[in-house]
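So that we are looking at the same thing, I have put the structure below in structure tokens.
Each chain gets a letter, A, B and C, in the order it is written, and its residues are counted from 1.
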Amino acid sequence: MKLVTAVIKPHKWEEVREALAAAGVAGMTVTEASGYGQQKGHTEVYRGAEYDVSLVPKIRLEVVVDDADVDSVVSTITGSAQTGKIGDGKVWVIPVDSVVRVRTGETDEAAL
Amino acid sequence: MKLVTAVIKPHKWEEVREALAAAGVAGMTVTEASGYGQQKGHTEVYRGAEYDVSLVPKIRLEVVVDDADVDSVVSTITGSAQTGKIGDGKVWVIPVDSVVRVRTGETDEAAL
Amino acid sequence: MKLVTAVIKPHKWEEVREALAAAGVAGMTVTEASGYGQQKGHTEVYRGAEYDVSLVPKIRLEVVVDDADVDSVVSTITGSAQTGKIGDGKVWVIPVDSVVRVRTGETDEAAL
């Protein structure tokens, strides 16, 4: 299994969520975050206000998936999160050793 | 070392914390999160209100542990977080290359 | 690539951010968190108030970096986050399989 983490623009969150649901993603975890990318020294506009780049609000998504689904989950996220402007986001993939569903104790692929 | 991440029901947080402390877990990091699992299309009840499943509030725990402690930490979390109802949570384990305690500069097992 | 996660004292965040920028770190993600370390049973002071150690507010940083930059990023964080008092923080390093820049679709080293 793999953990796909994506940091995206907040106003794209609904679109990403719908794209992932349409792609059959069974679960995800969402946290509010902020961050900056390579536009350091420039400003990024968020809801009409200019933010110091170190403080641009972002949504951070985590999706644990089967190895076979990584590529499609990553491209679903990048496709639906993209606006073409700086600050669109970053996605990274991390290896996962094991997964458990708390309710049932099922593990690994059966826990997804 | 391994990173154990758990996403649990907020009202189980105290119980999980006490179970982990009793099991000798030396530290953890907690973030507020939200998420959905496989009950998509159904609703999950949180504090008496029905939430769109994409928005159910959760607590996200991170515990960095020695390899030898992974199984007991995971089962302590699943045992204490379980209610038997949908949405009880998900736990996943990720490999960790190295750890540092900021105060002392100690590394790896000595930093836990 | 590697993911460096650091959990630090909130009042050290500005210093850490400046040290990382001076070291050429191109991006990072920040979340508000809380946590406890090994001082369990003792209390840690935050802004003049004593907190139950399970609730000390922390800042959680994530930085995805090239393998070649891991050591310098970790030592930049530990150097700038350190006060010498308990609760200074913990840093851990996790392997990353792949990275994508959402705007351009660039991958891996080119996406950093």
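Keep this in mind: contacts are C-beta pairs under 8 Å (C-beta built on N, C-alpha and C of every residue); 3 or more make two chains touch, one makes a residue touch a chain.
Everything numeric here is computed off the predicted structure, so don't read it as measured data.
Undergrad: Can the chain contact pattern be summarised as a line, a ring, a star, a complete graph, or none of these (other)?
TA: Chain contacts: complete, every pair touches.
Undergrad: Compute the rotation angle for the C-alpha superposition of subunit A onto subunit B, expressed as a multiple of 5 degrees.
TA: 120
Undergrad: Averaged over CA atoms, how far is the centre of subunit B from the centre of subunit C? Could you give it in whole Å?
TA: 19
Undergrad: Hunt down the residues of subunit B that sit against at least two other chains at once, touch-wise.
TA: Only 31, 94-95 qualify.
Undergrad: For the complex, which residues does subunit A have touching subunit C?
TA: Result: residues 2, 6-8, 31-38, 40, 54, 58, 60, 74, 77-78, 81-95 of subunit A touch subunit C.
Undergrad: Can you check the complex and tell me which residues of subunit B touch subunit C?
TA: 1, 3, 17, 21, 26-31, 64, 94-103, 105, 111
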